[in-house]
Structures are given as structure tokens and as C-alpha cells.
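Just so it is clear, A, B, C, D and E label the chains in written order, and each chain counts residues from 1 on its own.
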Amino acid sequence: MAQVTLTNVKKVYFGGVEAVKGVSLEIPDGGFCVLVGPSGCGKSTLLRMVAGLETITSGDISIGSRVVNQIGPAERDIAMVFQNYALYPHMSVYDNMAYGLRNLGTPRDEIDRRVKEAARILAIEPLLDRRPKQLSGGQRQRVAMGRAIVRKPQVFLFDEPLSNLDAKLRVQMRVEIKKLQRALGVTALYVTHDQVEAMTLSDKLVVMNGGRVEQIGLPAEVYKKPASKFVATFIGSPPMNILDGTIDGPGIVALGDAILEVRDLRQDLAEGTAVEIGLRPEDIEIASEGAAGTLPFDVEFIEELGATQLFHGQLAGLPFVMQAATDTVAAQAGRLWITVDPDRVHVFDKQSGARLGRS
Amino acid sequence: MAQVTLTNVKKVYFGGVEAVKGVSLEIPDGGFCVLVGPSGCGKSTLLRMVAGLETITSGDISIGSRVVNQIGPAERDIAMVFQNYALYPHMSVYDNMAYGLRNLGTPRDEIDRRVKEAARILAIEPLLDRRPKQLSGGQRQRVAMGRAIVRKPQVFLFDEPLSNLDAKLRVQMRVEIKKLQRALGVTALYVTHDQVEAMTLSDKLVVMNGGRVEQIGLPAEVYKKPASKFVATFIGSPPMNILDGTIDGPGIVALGDAILEVRDLRQDLAEGTAVEIGLRPEDIEIASEGAAGTLPFDVEFIEELGATQLFHGQLAGLPFVMQAATDTVAAQAGRLWITVDPDRVHVFDKQSGARLGRS
Amino acid sequence: MMKNAYFSGLTVPLLLLLPQLAITVVFFYWPASQAVWQSFLLQDAFGTSTEFVWFENYAELFKDPGYFKALINTAIFSTFVCILSLSIALLFAVMADRQIRGAEIYKTLLIWPYAVAPAVAGVLWIFMFDPSLGMLARGLASLGVNWNPRLNGNDAMLLVILAATWKQISYNFLFFLAGLQSIPKSVIEAAVIDGARPWRRFWTIVFPLLSPTTFFLLVVNIVYVFFDTFGIIDTVTGGGPSGATETLVYKVYSDGKGGSNLGGSAAQSVVLLVMVIAMTAFQFRFIERRVSY
Amino acid sequence: QTEIQWWHALTGANNDVVVKLAEEFNASQKDYKVVPAYKGSYPDTLNAGIAAFRAGTAPHILQVFEVGTGTMMSAKGAVKPVHELMKEAGEPFDPKAYLPAITGYYSTSKGDMLSMPFNSSSMVMWYNKDAFKKAGLNADAPPKTWPEVFEAAKKLKAAGFDKCGFTNAWATWANIEQFGAWHNIPIATKANGLEGFDAVLNFNSPLFVKHLTNLVELQKDKTYDYSGRTNNGEGRFTSGECPIMLTSSGFFGNVRANAKFDWGNAPMPYYPEAAGAPQNSIIGGASLWVMGGKKAEEYKGVAKFFTFISHIDRQVKLHTESGYLPITKAAYEKVKASGFYKDKPYLETPILELTNKEPTENSRGLRFGSLVQIRDIWSEEIEAALNGQKTPKAALDAAVERGNQMLRQFERTASR
Amino acid sequence: MVEDRRLGDAIAYVILTIGVLIVAFPVWLTFVASTWDAATIINGQLPLYPGPKFFENYYRILFIGTSGTTREPVLNMMLNSFVMAMAIALGKIFISVLSAYAIVYYRFPFRMAAFWIIFVTLMLPVEVRIFPTFKVVSDLGMLDTYQGLAVPLIASATGTLLFRQFFMTIPDELLEASRIDGAGPFRFFKDTVIPLSITTIAALFVIQFIYGWNQYLWPLLVTTKDSMQTIVIAIKKMIVTSDALTEWQLAMATAMLAMLPPVLVVVLMQRLFVKGLVETEK
């Protein structure tokens, strides 16, 4: 077990692509850090540099107290779970797990003990003789985990380990991974572009965009105080509604005719500054018509999700979505008047997208 | 436009696999019927029989007023959208859409008119000259839709049309499909194993399992009154919690020491009958400790989803999940006392899994 | 073209390449350069007298009507063998691709001629169609067909074309079958729903989608008829009658045979080498970015 | 023990003969061992020998068919002339003991024997006596001249042999080489090349043209039917399809084994208007060449072996068993005296042809370099005439012209 | 599909049956010929059914040899053919798997040069450079040896190319997983690349075995001893005749025997062979 530290790490690929543009990050011993971001933002590149599969263009990576920049993957004391699992198709499950240990020259009975133990933990004991082809997606996932566990590494690296599974299995495996990591107390670095995974798994959530870090924080923090419009719309589903507004005074934004109070807003903004206002669908409340600070929302159609309903429509000429528990709001198209808790209004700079909060 | 009627339709495959075991179903003209169920339950088989791609072993399928059992796919006046889109890779988008019309010998300018119109509706006009390879997943999806539209069929058939798209696009296309079907007023039969799609799209939701229909109804109905334990756990995410209980009187079930009131329960059950009790995670409410009808829930860990939180733990020795809006319940492990609205308690037969509701 | 994951180092890869490079250099480049050298020489059969004649052999070659005849023969021969073997194989493959009982057995029965040596295939065919021995030749004669591959160049050409086609069908069949099986079923079904009847479906969907396979096979078949049919021609006609079935490769061999015209033969090899390198470059491009959708 | 490699092209019973000869020789002494190896057809064998020589792995003895003679003798250093070999080895050797009609073909103009005649044959006309009877022809008096042959063939054709009245194997041997000698007209200048490599082909003369014209004419209704460049078509005779066939006298074994009818042979036909026809035929078959660059010890063994095969009793046996001609005068006389030919007159026919008259410039033999390839050219042109692509005259002109080209090229490369 | 399949299926049966007949007829005839005597064949009276001489002919050809041409028993030639074919197949697999590994999994200077040097040999078969190649082989003293028969025929790029194509389809992640598991280039090759290439190896084996077995011109030149002959050239030698009867029945029996092993290899390894070819994309 060890902490992982990245200091101003950069990666320029051979062709000149700058995939990672200077990332500093510290994952405490036993911490679970999730990298999330859109496709191509450099998540895998970063992870692979930690694994030693890509060279580091500049900056330092250390695992424990060792700077590992020049150390080969096998010596870094890490284990990695790949998106497509990368199981050796020609080896049995047992051999898949044992392979790394064999390469280290671990004694036979020690290997056997460790493989069996990992298999027990993962409940894949009956599968040990099978080939990867004979396994379901979830089982393969477990084997890939098993391969990582047996080596007793200091750090687990995951590159979208669940994205090949169907929705149900994904939920289940997500919980398992988290439990396992807790139980083993291993430091974990986990890449995903699924924000639900990111939210649920992480102690430390890193949102990346275009090779840079947009925000690092606890998941709840990131959700509640997204540092930028990018983060705000990336995290949360259905995504945050974004509307055009202007500053109308300290802690006040105007949204067309209506006026909204905002708790977290910089004080030094000139009145009339154009801004973007973010409202999460689930933060919308129904108000009585025409009350102060209410907005008119024209509902076009409703999606039934079981526990909740999604109201799709227009607000101030822009598409707008509201989420409400089933039966709390009459499910019919037409105009609704809504309001939002000032604590839950987010304001972003129109140009840079940065959050205009009190800092 | 036409209604589609299936009367006791069965399918036995060549090797003897009984894929569909007698399904009767009526889709009203302009209705949107979704078939949902686990993999291998016979959804695709049923759809393909409607399309004419599989022969019908027994039973009748009629489209409009015609029994179509012996009619070839081309004459059934249907259009189908495949999971992998099945676009003709060697033809331009335009030709993909025009192909069916050309086969019918439609005049050139009529074809042109209809293709252009469909392209306009789907906003793919700039893509008409491209090959499928040069399109993104979402664009391909639209072209597949376009190919279906130009033929002006009576029935649209969809076989998991969105499952190759990423989560974001899936949501977006789902809304588009629904809008389009409404606008064209075409009858639709839609296969998916994604329950969110199933809930949001359907006027009529058909839950299948092992070649049989488990329940047919409005989506809200299916959600609120699942006809069986299978439906109850299949629809809803996170899935409904299932606990062991016994009948303790009319409208009363015992769950270990605690006692729950149930609104919808058959009256004729002997006291002491073993049953299964279903509680949806989002229906759980926090009660004060030890109050009547409260259950002790040992929370082990919490998943943060942003708007809501999932509390994972044990209840009466079985895994149990509760969902609550963020901040409404203190997010910490430990014992909680919970209760459930008697309207929202589901009771199922221990053997057959059938709902034991008043009928 | 390149893997993203790789090893580095110089000694190890060179050692790995060594056996192949050594064999290639010794048994390919060295003899090939000898052939080039030889093409500038005039030598007697036994190599006891040698004269350096610059490009005379090439000049002779391009003056030789027999060479152009061989060129034309090669063109005719390749065209027919390619078209015939490809189309027949495609027909069989389409039929065997149907889900019919016994398809597997038919497949096996159709692929094994791949294993027959060209020279043996030639013997089989000459045995059938030799005017004096051949059962089928006699059959033709009794039908009043004037069949005489010994004298009639067209008959002889037909005979070698048939033998070469026979030999190649199975190979093409194999790849067409694989090609057909790799066409997504749903695309065919989409066409069915789009109202395309089988014949039209074949020409508008199946055949175009097979074009990568067809193109690949075309290249392979051209190489086959250029070179691998040597044994067939040698056993069936020996290039005759009056050179009617002499192809480029056969001419290289027969001119060099007995040392009678080694220089000319070598010059032909060199010309052929140039043609083949052109084809190789073509093939290379093709393999890198195949005609695919 | 010194091994002596002997590459040959003999098949069937003759192949047995070769093997037996080697065995007998090996058994007769202890110093040398002759190892025969069958290398395929004559051209294949020559080809293999040349390739092997170039690679420095030539056999000691190479059997080369008569058309390869020019090629072989041009290569000084590549071959060891037999007369030299015998002299150096000190073996008794008298060139006069051999039949001149045979050795003439394999000797220099000065009479030095270059290779050892081995299996010799000539061309004769084989005919089907049963067929003759069926067609109302006299089976004991076969046609002598070409016009008579044509007549007979027409009758045979009428009698049911409608696919082939008469034919020949070895297209050029029959229609050019033997034809020239038998009619005493030249194929080329310089005594058909015997007197130098600068010979010029000239067989596009009227009689050749006339003959080819006749064949082309008769080919049209199959009174004549072409049977290929080699002897692949010989089955047409044994099967009864073609009642008359000109081919090698060596065909004998095959006929004896497979013809299910009464048969005989006769000298080749001739055109009576040709002055001096019939002259004499020339030989076919092959001789044994000794390859150059071997050790003296090995040559000694080869010489011993040659002496061994020239022995009179061995020659008698070879002749009577294989049907090939005896190569020494003594052997011929001995067989004749034994009355052997009374029973088997067909074995004497070729000898009678060969010795019919004293050879002239035009009938001593022929010697062209690259004759193997030249023959292919000639065949091509004959084929072109027969299938109507060219007139007979044009075909022969082309054959002469293309042949001369080959000769000139050969002349340039031949070491003199 | 709800389409009338009966007509289509019937046509398919008819066409496939015709196909099988076309493919099989010459071989049937060959087999028939191998069971009669020479005179029946030479006189053109061969019937369509097998004759009485099956055992006699095959016994003779296998254990005694023809009397009039190649006197070696065919069994011995089959052994030669087998050794040659195996040497070519295994040798080719050996050198090409190594070189393809170097080209695909290493980056080093001259990589492209090496690739092209090998690639150019792709389509120039031995027939075209046969005389100089013969010279080289004899200079190396390899006439009449198995090396001489096999090695020059190995010098082409087909195998390298096939393996290269296949290696390109091996996911990069496997190499990465191996590296994390502490496997170097050699281990990765031995533990992962080779086991994964089994079908490709099998396909190449079939192709090369057949190629080797069927060689014709080359063995004709490089073998001078009867004891080194291969079966295919024996057939050619058997059907030429100089003044003697062609023993067609024996030649045809030899042809049958010459077809047997490669056909068996194809039929028995059909699955692997087809899979290997298709997987690696030709």
C-alpha cells in the first residue's frame, strides 16, 4: 500500500499530440481516486503513465516514496484491470491469475495458495479450469480482478473496467470493486467516463477535460459545487439545465423577466454582466403561479421512469428538464411555475465557464 | 397505420428450442408497444416473426385486418430498425434510404422527394452523400430511422435500436424516436432490455420471461403493481428489495419481529403462509427508532449519486438497498429504522412468484 | 501498420530476422542478381564460353514475336481462368452458404482439390482429354466434335484453362464462403424487408459486399495463373501446339531449358520480376487499405 | 570402388536392359560400380545433364538422344570424346567394328567417334494387317510410296477407320529429318551440319512443301491425322484407331505387348518422282556421352564399361531383347546368321533402311546445335500448317528462317 | 424467412452436386485407371468402373516400383515428399514467425527496410529464378539433400505476411498485461503469441505442406539420385515414354497416392485451416 503522487505530469505522443498537459495529483494511501472525463481527454494516458506502459514526457510520478519514472511496469508493484479485461485467451482462469506470480518465480504452493484465495474472495472457484471464452462478461471481469489481486500490489489501476458490461452487472460489479478495495486497503486509480461510477466509487474525484484537470474533490463537493460549466454539465444525469442570465445585483441574477437569488455568487460582478445559470433537474421545485422568483416552464412531454418522472419542455426559449418524484406533480403537458433554492443555483462565467462563486 | 394482433403465437426453432411459448398481444393503431425482458427471453424472435424474418410455428399474426403468417416481409408494410443498424455499407446514405423504394419501382422523383423529406425530418440532409462508415453512431441511427420512414410503413419494428450508443446519445435518441413516432402516428413495436427505455417509450409495456409474457400494461401500472416477483425485480433500478415474510393476518405480513401493513393483498391466505415481500428502494422512509411497523436496517455503506444516495446494508439478514435524496438522511453507516407506506408494499407467492394482490 | 505497444532494442529483432533474411538473401536476392547478370550475357549451353552483350538479349526479346504471343497467351489464359474460377466458385459458395442439410459435407467435398498438385492436375486432365487415351476426348469425338488439342491451339488453350480452373475453384470457394459468412445477416434481412428479391439482393447487396474478397482473390488468382500453373501447362501441352499455350513463365523455363538461351530466359525473368514487383506494390497497398466499407 | 554415374532416359523394357547391363558389369569386376539413374524424358535428361554440368555435378555418362548431338559436341571441355577416352584408358577400340550408318552420326567429319552409340533405331511404317484385310488391301504387300499410302488410307477410312487413316509420331523426325534423308534431299547446307556449325537450313524446297501440302489436305478429312510431336500418340496404333503409323522401330516392344491384332512393319514410303528415293534412313535413339572434367581413374572405368557393352554377345542380346539396332557389324551378322529375322522380319526392317544405299551428304545424318529447341520450332510450324494458320510453304519458310536464327545464335556461343 | 425456400434449396442441391461431380470426376477416372491394366488404358478402352488390378497395381507401385521408369518404390518417394513438405512447412513457420514478431513487436532502425526486403519476395516464385537458384544450391553442395530440396523454397514472404497480419489483430492490451505481469519479449512470445497463433500456424502449415508436397520443377532439378526423388516428379517421369509403353495404371496409382496425403491434410485440418486463413484475413 502506498500513496501515489503525480507532479506536473505531461505527455506528448510521438506524433505531437499533447495528451496530458500537466497534471498534479495526490492519492493518499488506501484512497480511491477516479478520473472521469469525456473521450480523448487523456484519462487512459495518465493511468498508463502510472502503470509504466507509457513513458512520461515530463514531471514525476511516485508510488510510495519511490519515483517510478524509470522503472518498468512489472517492478512498480501495481496491477491493472483493462477495459476489455485483456485476459490471456489461451490460458485457464487459474493460469491467468498465476502467470504474473510464475514470472516472478514465486514457489508453486505459494502461487496455488494465493490464486485459490483470490478465487474464493471473488467467488470464482468453480471457474478456475475454464478458458476466458467460456465465461460471461461479469465472470471475466472477476477474473481480471483476480489477476490483479493475487499479485498483492500497492496500487490498483483500472481503465474503464466495467464499460463492457450491461447496466445491471455494472451496478453489481461496481459495488464489488468498492468493497474489495476497502477490504484490501489498496490504493486505487480508476478511469471511467461513466459519471455514476465516478460519483459512487471515488473518495477523490478528478474531472479531466482536454488533457487538464478541471476539478478535484470529494464527489459530493464536485456535484454540489462544480468548478466550471463543463463539470456541471458533465456530472449529473439528466444533465444540469443551462440558461442565459445577467447579474442583477449582489447575489441576484435575472433570467428574462424573472429574478433568482443565488447564495454562492461572487460579489464583485458588475450589474448586467451576462452569465450562465445552471439548474439541476432534480433541484427544481413547483411554485404557485406568479410568485416571486418563479419561472414559467412549458412542459411538452413527460417521461415516466418509475420512481421519478422527467418533464421535458422549454424555459426562456431553451430546452429544460425537470425531475420529480412520481405523483408529486401532475403528469401533463402545459405551463408550470417553478422555483429553485438559492443554495442550488449555479452561476458560470459566460466566456471561461468558470464558476462565479465566492471563493 | 394499422393495429397489430398476435394470437397465441409460438416459435420452435429448428433445433428444438422453444423460443416463444404462446404470446397473445394487441397493439392499437398508433400505439407504442415495448417488449422488455432478459436476454434470451424471445423478444427478438417475436419481433422477427412480426417482421416476417422468422416463420411462425403456430398462432396468427395480423397487421391491420390481414393475417400475415404467409406473407413475405416486403409485403407486410413494415419497416425495421436493427440493433447494429444494418445499413448497406457500400451505399451512400441517400441510396440506403432509397433502396427499398427502388425495389418497389417507385418513380425517381417520388423517391427523391421522400428521401429528402425524411432527411429533413431527421436533420441528416448534409450527410446524404456519405457512406455509413463516415458517420457517427448517432448519425447511423438516424439513417436507419430514415430508411424506415421513407417507406411510410404501417408498423415500425425496432430491435434494441439504441443499445450500440453511449449513454448520453441513448437518452437523446430515445426522445427523438418517441417524438417521431408520435408525429407520424405509426404503430411501433420496440424491443429492448433497458428498462428505462421500456418505461419511457411505451404506451404498452410487455415484460417477457422465458418465452412467455409476464405482464402487459401501462408502464406506470407495471411499475406500481408488478404482476410477479420477476417483473418487480426486473423493472426499477436499483431493483426492488425482496425479503422473506409470512402472512400474519388479512392485510398484515410479518417480517421477522416486525409487522407490515399491506394494502394490496389477497384476503384468503392462511396465517403463517410463507411469502416474499418486495420493497422498492425509493419507497423506504425513515422512522423513529422502535415505532410500530418499523424495521431495523443496518447500513454498511453509502453510494453518492449526486441527487440521491444509495444506502447499502442488511435487513433481516438479507441485502437491502434504500434510496434517499441527498441530505435528507445522514450519510453514515449504522442502524436506521425504516417504514414503508402500506400502498407500496408488494407481496409475492413464495413458489410461483405471482403477486398476491386483490384481483 | 504499427503497434502502439512494442519493445525496443536492436540486437534481438535483428537476431529474430536473421534466419529469414539470410535465406532470403542467399536463395532469393543472390540468384535474382545472378539472373540479372545472366541477362546481359550470351552463353553456350555448358557455360564454357561467355560473351557480355549488354542489352542484346532484351532487344531480341522485344523483337521476338513469340514473346508477344506468350504475353497475349498469358493475358487470355489469366483472364479466362480468373473469370471462370471466380464465378464458378462464387456460384458454389453462394449455394453452399444456404442453410441446407449436408452443406458441411458439400463444403468438404469442394475444397479438397486445393491439395492436388498442379502437375498431377495436369496429368488428370490430359488423361481425360488426350485425343488417343482420353475417355472424354473419345466421347467428344463420337459426338462429332473435332477435338484436337495437339494441333488446335484453341482446343489446347481450352484444355489448360479448364485444368487450371478446376484446380483453383476450391481455393476461391473457400474464401468466398468466408466472405459470405462475414456479411452481417441483418444487412441481408434489411434488404429482404426492403423488398429485394433474391436475384436483386445478390447483385445489389451480397456481391458488392463481397468485393473486398473478390478483389483479394483476383490478385491471388492472377499470381496463381502466372506462376503456379507451370506444372499444368508442362504436363498438359508443354506450351504447344505451336506455342499456343506458352505463357510468360513457361517461356522463361523453356527458353532456358537445356541451356539453349539462358540469356534470353534471364532477360525474361528480369522483365517478369519488374512486373511482379509492380504487382507486389499494388498488393501491398491493397493489403494495407483494402477495398472495404 | 569407383562409382560411375549414368543418367539415362530409357523406360519400360529398355529401362530393364539398362539396369541389367549395369548389374552385369558391376558383377563382372570389382573396381567400378555403374549407377544408372533414370532422369525422365530425353529432353529432361539432357536438361538435367546440362544443369548439372554447369553446377559442377555432371554424371560420368549422359545418355543424349540423337538431336542433342550437335549441342553436345559443340561443347569442348564439357564432354570427353569417346575415341580419346578409349585411347587414354588403353582399351582396345576399333571404330571400324561399328556399323557406319550408326557411328557416322556420332563422329566428327574426320571419323573420330565422339560418343558411344547405345540405343539406335530408325523410322519404319507400322501397319495393322487386320485392318488391311478389312479394307480389302493386301496385308502382305504394304504400300511402298506415299501415293499408295494415301490410297490405302482412303480405303481404310472408308472401311471404318474414319478418325485416322494414317499418322505418324515424332512429327519433325518423320516429315523433315527422315524424309530428307530417305529422298536424298538436303535439310541444310554443309552436309546437314555435319561439316560445320555454319550450316544453313534449306528444307523449304519443293518436295518438302509437296509432302506437307498433302498432309494438310488429308488432315482435313482425317485421312491423315496428326498425333503430336513425340510418341504420345502411339497408342492410336495399338488401340486399332490408326491402322498405319510411322514411328520408331523401337515401338516394337509396345506393339508386341498391346496390339490385339495382326501387325507388321515396312520401310518408310517415298515419292517415286524423287530421284534416288529411297536413299537410306538415318538413325534415331541415343548415344552415351562422357562428360568432361572427371578423374582419370573414373574415365578408365567408363572405358571399361564401353568395352563391356560393345561385346558381341551383349550386343546380340541387346538387339534381340530390346528391338534396338545392333551397333557392331559382327553382332548384326551373328543375328542374321542365326535366322532370327525369319521369324521377326520387323526387326530387320530398320537395318535394311539404314543400309539401303551408301549414305550421301544428305543422308549421313544431321547435326545442329540447339536441335531440341529447333525441333520445337519446326513442330510449331508444321502444326500451324496443319491447323490452317499458314500455308505449307509459308510454314516451312518460317521453320527454316526461325531455325536459322537459332543456329546463328548457337554458332556465336559454340566454342570452336 | 417467410420466403419459399424449396425451389432455392433444390437449385442449390443440384448445383452443388454438379460441382462435386466436376471436382471429383477426374479423380474418379484416375482411380479407375489405377485399377486396370496398361493395355486397356493405352487402347482407350477404359470403363467407368474399377477393374480387377487394384491390389496388384498398388502393391507394385508402393513396394516394388515401376519396372520401366523410376524403379524406386513409391513408398520411398512418398517418404521423401513427406520429409520435404514437412521441412518446408516447419522451416517456413519457424523463420516467418520469428521475423514477423520482430517486425510487428519491435521498433528499431531498418525495420521498414527489413520488411521490404522480405516483402519483395512475396510473389516471385522459384520457377522464375530457377536456374541461378539451382547454381547456388549446387555451389553450397546441397544437391540431393533434403536441405537443398526445402530451404530455397522457404525464401518467400507469404508466411511472414500472414503472421504479421495476425499479430496486428492481437490486442495491444495483452502485451501490456504481460508487461505488468513481468513478462519480457521472450516470455510474451512463448507464453502468449505462440499459443494464440495456433490457428494461423495450422493454416500456414497446411498451405506450406501442400506447397512443398506439390513441388515439381524444383525437385526435378535438384535431385539426381533416384533415392531422393519425390512422388510428384515420379509421375511426370512415369508418363513420358521413349519408345516404350507408358505404364498408365501405375502412373495413375501414383497420382492417387500423390494426392492422398495433401488431401488428407486439408480435409482433416479443414477447420483450423479455414479459420486460420479467415481470421488473419487471407
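Quick note on the criterion: a residue touches a chain if its C-beta (ideal position, glycine included) is under 8 Å from a C-beta of that chain, and two chains touch if they have at least 3 such contacts.
This is a predicted model, so every value here is computed, not measured.
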Fewest touching-chain hops separating subunit A from subunit E: 1
Chains touching both subunit B and subunit E, listed by label: A, C
More contacts between chains, D-E or B-C: D-E
Whole-Å gap between the CA centroids of subunit D and subunit E: 39
Inter-chain centre distance, subunit C versus subunit D - centres from mean C-alpha coordinates, in Å: 38
Mean-CA-position distance for subunit B and subunit A (Å): 27
Chain centre separation (subunit A, subunit D; CA means) in Å: 94
Multi-partner residues of subunit B (at least 2 other chains): 52-53, 72-73
Set of subunit E residues in contact with two or more other chains: 1, 3, 42, 44, 131, 135, 137, 173, 176, 179, 233, 236
Residues of subunit D touching at least two other chains: 51, 54, 232, 235, 239, 241
Contact footprint of subunit E on subunit A as seen in their complex: 48, 51-53, 72-74, 78-80, 82-84, 86-91, 99-100, 103-104, 147, 151
Partner subunit B, residues of subunit C touching it in the complex: 184, 186-187, 189-197, 200, 204-205, 208-209, 211, 293
Subunit D - residues contacting subunit E, complex: 5, 7, 9-16, 19, 37-42, 44, 48, 51-52, 54-57, 59, 65, 121, 230-232, 234-235, 238-241, 248, 250-251, 253-254, 257-258, 260, 285
Residues of subunit D defined as touching subunit C within the complex: 43, 46-47, 50-51, 53-54, 68, 71, 74-78, 163, 219, 226-229, 232-233, 235-236, 239, 241, 370, 372-373, 376, 379-381, 383-384, 386-387, 389, 406, 409-410, 412-415
Subunit E residues touching subunit C - in the complex, by the definition given at the top: 1, 3, 8-9, 11-13, 15-16, 19-20, 22-27, 29-30, 33, 41-42, 44, 46, 48, 94-96, 98-99, 101-109, 111, 114, 117-125, 127-133, 135-137, 140, 151-152, 154-156, 160-161, 165, 167-168, 172-173, 175-176, 179, 185, 210, 213-217, 232-233, 235-236, 239, 248, 251-252, 255, 258-259, 262-263, 265-267, 270, 274, 277-278, 281-282
